[in-house]
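Note that the chains are named A, B, C and D in the order they appear, and that numbering of residues resets to 1 at the start of each chain.
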């Protein structure tokens, strides 16, 4: 588990992660939202500095503004508050493949330093140790959204030197691997964990720490990462969550918890 | 022009044609309706013996029941009275290509004895004498609807030995030409003119007169047809329009005329 | 990102000589006002795309705007032929017109593919049809699983698409209802789009699965009541069938056509459309109240 | 042509051992009652198709109904993994399960192609993704115009599809609203279809462009209120999120799973679903009246 120095300052590392992730988003982004931490980050952005952001869930809900976080990508709340809801084939053809998504916001079970993601299998594909859910929308989100943001908690199990299955292609083996595949999208552009913010090195595309969250030291990051961590020469500290950000986040979680209890 | 013996009996040859065509349809048919005479025939069927027939126009209106005949395939009346209205890509993919249409009901500018239709050009394609509208939905209706009915007025110009352009494939050169193309649909199954009802010979697929409209003699049919007409050995007379059929048809035309005058 | 502006400014922003431009609307919601605004600016060498190039393309072709036409049914719906288009194809008047002709199924699939960023569409079609022999953009392809022969056509991706819709809200989200045709695909397949609407409203109160183009998919929106006339806008005014029938006469003669265009298009402004549908809308309302 | 009947009779009419069957519903309107009716009949060697094989396929697989699964995301949405499915893949319990795995984009395109009578679908996808190496039903194809490499997958055309919808009218026309997912395609791509609905009404009063399956596209309709539980039916009752969370515990242990299935599925009848959503519907109504 990650060292939770952050908790001493009255917010958790998870809260810092969600808030740092939310800050990556802009009001004019059109964001394809993964469930879990990505969904929380996207909605915090919408409820704070990016009120006009367009959130899209793969269930077909476009321009949704849920009052509580959905448990699934297709909760009724998403449709109730959406500008419009389209079929799943249309979602993947006109909207994702059509190049209309600026940000794909994903979680990951297993990631490598080039932002390649495994959500398929631990062990071999044919006789797996642990069968994971699989790719869902992610393989095409990873290649067709303008940029990819990833958010996940750090651990030696989740941040590995070599992923066991390429579910979703990030920067491959780095450098111009994406261009070699004919991809014109940027690929992974930020990784936001409970300890740090990482961005790909402009040349090698290896994830490099650009910001440590308050109270986190480089050794914490390395202790919870399976590859040799590189730090940007100019890395700095993530600004602490503001009172407003924390209030919005906690209110959202509180509303969500109550809603999921009663229904 | 066709000889209008029919008029002496207080109905026109056109009325006989529309009513004879309407009788081909059944209540459980799903009919892709062309504009003009086909549209009139389909709606007369719906208003008389086939009340549950599903009428589909290529504008996307499914299960429509217009109170007046539309001037175009996309009049508002069609949508107002439809069960549902879908997009044009969906119409051609899920509904026509999907094999859900039992009858395609077409008109024709030029037809040959195997039911091949030209609505593209008189003269050569590259420097035409008369440029006609083209195929629209017809090329795929002709191959993908279960059966094709065609209705048109006879004339030496419209019923020709060789059409100048194969817009929509009927029975090709006859016999098993459709199967050779890999088609599993029946193709042209009836031709209803202002003089007669024609059906393809089971073997050669050449249109053969099975019914002469009341008062029409074989010589009338030949005089208004560009190919050597074959008559079924057992050809008989089309039953006259009933009073009810005539009333429904004339009421429909009257409502239509009034509606198109005012709007 | 939707910019609210005048139709004239939108046309200036997106149009230039030689572009590939689509005007869509399948009988319903045909963008007549936009076509007239483009005709008034006298663009030349346009490639015009439209499944059903009815009156608006007869007018644009007759005024010499186009050098190429991509289409699938060139008729005056329910009336007859397009006489200006015929004159261009048969007699090269006022200029020669290259044509690329498809079936409706092919065009619909090609727009769908364009909206999906595909280079081509595949479908079943053109069985025994002679268009395959005169259009080199119809090719065959084989299913890699069954070997079945299928048809491929290039996707349609116009430089500019014009459509007309019922409503936009103040953010620029656009609602299309009724016969929706190919308008969504026309906008999503195009590099730039201009949407005229009957009215701008505070909020689009509609069904969750209604056809809506989000504001960030549309470039320019102009409020032009009546912009579809003599086509129609469901819920606003009926189709002016008499005008379609009259067009057959107007377009029959070159001089009469030109005089009509000067009087009714070149010397007019976009505002005329609201007046043209006044009697149709009133009539519709009175008919409704009878029921 | 839609036949109104009981769910049990519909299952008898369409199902047999070894068929390829799809149950669709993308989070919303998942046909749980139909899955339970099929489980009770103990069919074997089914090929199960579903984009998101959540609880219903965990149950069918755990009960030994399936020998093959075609899917794109096998998780308990928002909760975690599917433990019965894992047990089948990892330990062949209760029987071995062959898998054919795709992405959502591939499955969506494959259903769309199936509904369109196409043998395959083409799209852009799987860039750098390893599924291409383990699934021989993912092939490449080249655009005949640009040469661009595209992906092809076989179309999905199940023998039987089950869906749940909000309403049917008395003729058997079916209305689906809200998150419509892939249900229309599931029905149109299948040889036979069974639709459960929350209620049968005199008339479907809805938007002209709402998703409706005409009566002649559907084989059997059964009125089963609550049939989606613990999924939801927009306008009727909310998602029972607690049940999804609880499933993680129930499915964690083989014996607990089996006991639960005996008690809650094998010894129950379809009528139980109406009772299961009673409290959800009431809660929803009271929440609504607060607003």
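Just so we're on the same page, a residue touches a chain if its C-beta (ideal position, glycine included) is under 8 Å from a C-beta of that chain, and two chains touch if they have at least 3 such contacts.
Computed from a predicted structure; not experimentally measured.
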{"item": "Winner on C-beta contact pairs when A-C is weighed against A-D", "value": "A-D"}
{"item": "Distance from the mean Cα position of chain C to that of chain A, given in whole angstrom", "value": "41"}
{"item": "Whole-Å gap separating chain A and chain D, where each centre is the average of the chain's CA atoms", "value": "28"}
{"item": "Between chain A and chain B, centroid-to-centroid distance (C-alpha), Å", "value": "58"}
{"item": "Residues of chain C whose C-beta touches two or more other chains", "value": "112, 116-118, 123-124, 148, 178, 180, 184-185, 208-211, 234"}
{"item": "Residue list for chain A, restricted to those that touch at least two other chains", "value": "79-80, 85-86, 93, 97"}
{"item": "Full enumeration of touching chain pairs", "value": "A-C, A-D, B-C, B-D, C-D"}
{"item": "Chain A residues within the chain C interface of the complex", "value": "28, 30, 54, 62-63, 79-80, 82-86, 93-94, 97-100"}
{"item": "Interface residues, chain D side, partner chain B - complex", "value": "1, 112, 115-118, 173, 184-185, 188, 204, 208-212, 214, 216-217"}
{"item": "In the complex with chain A, residue positions of chain D that touch it", "value": "26-28, 51-52, 71-75, 77-79, 81-82, 85-86, 89-90, 101, 103-105, 108-109, 111-112, 123-131, 134, 148-149, 178-182, 184-185, 211, 232, 234, 238-242, 244, 280, 283-284"}
{"item": "Chain D residues touching chain C - in the complex, by the definition given at the top", "value": "116-120, 122-124, 137, 139-141, 143-146, 148, 150, 152, 154, 177-178, 180, 206-211, 234"}
{"item": "Interfacial residue positions of chain A with respect to chain D in the complex", "value": "35-36, 58-61, 70-76, 78-80, 85-89, 91-93, 96-97, 116, 120, 125-140, 142-144, 165-169, 172, 177-178, 181-183, 260-263"}
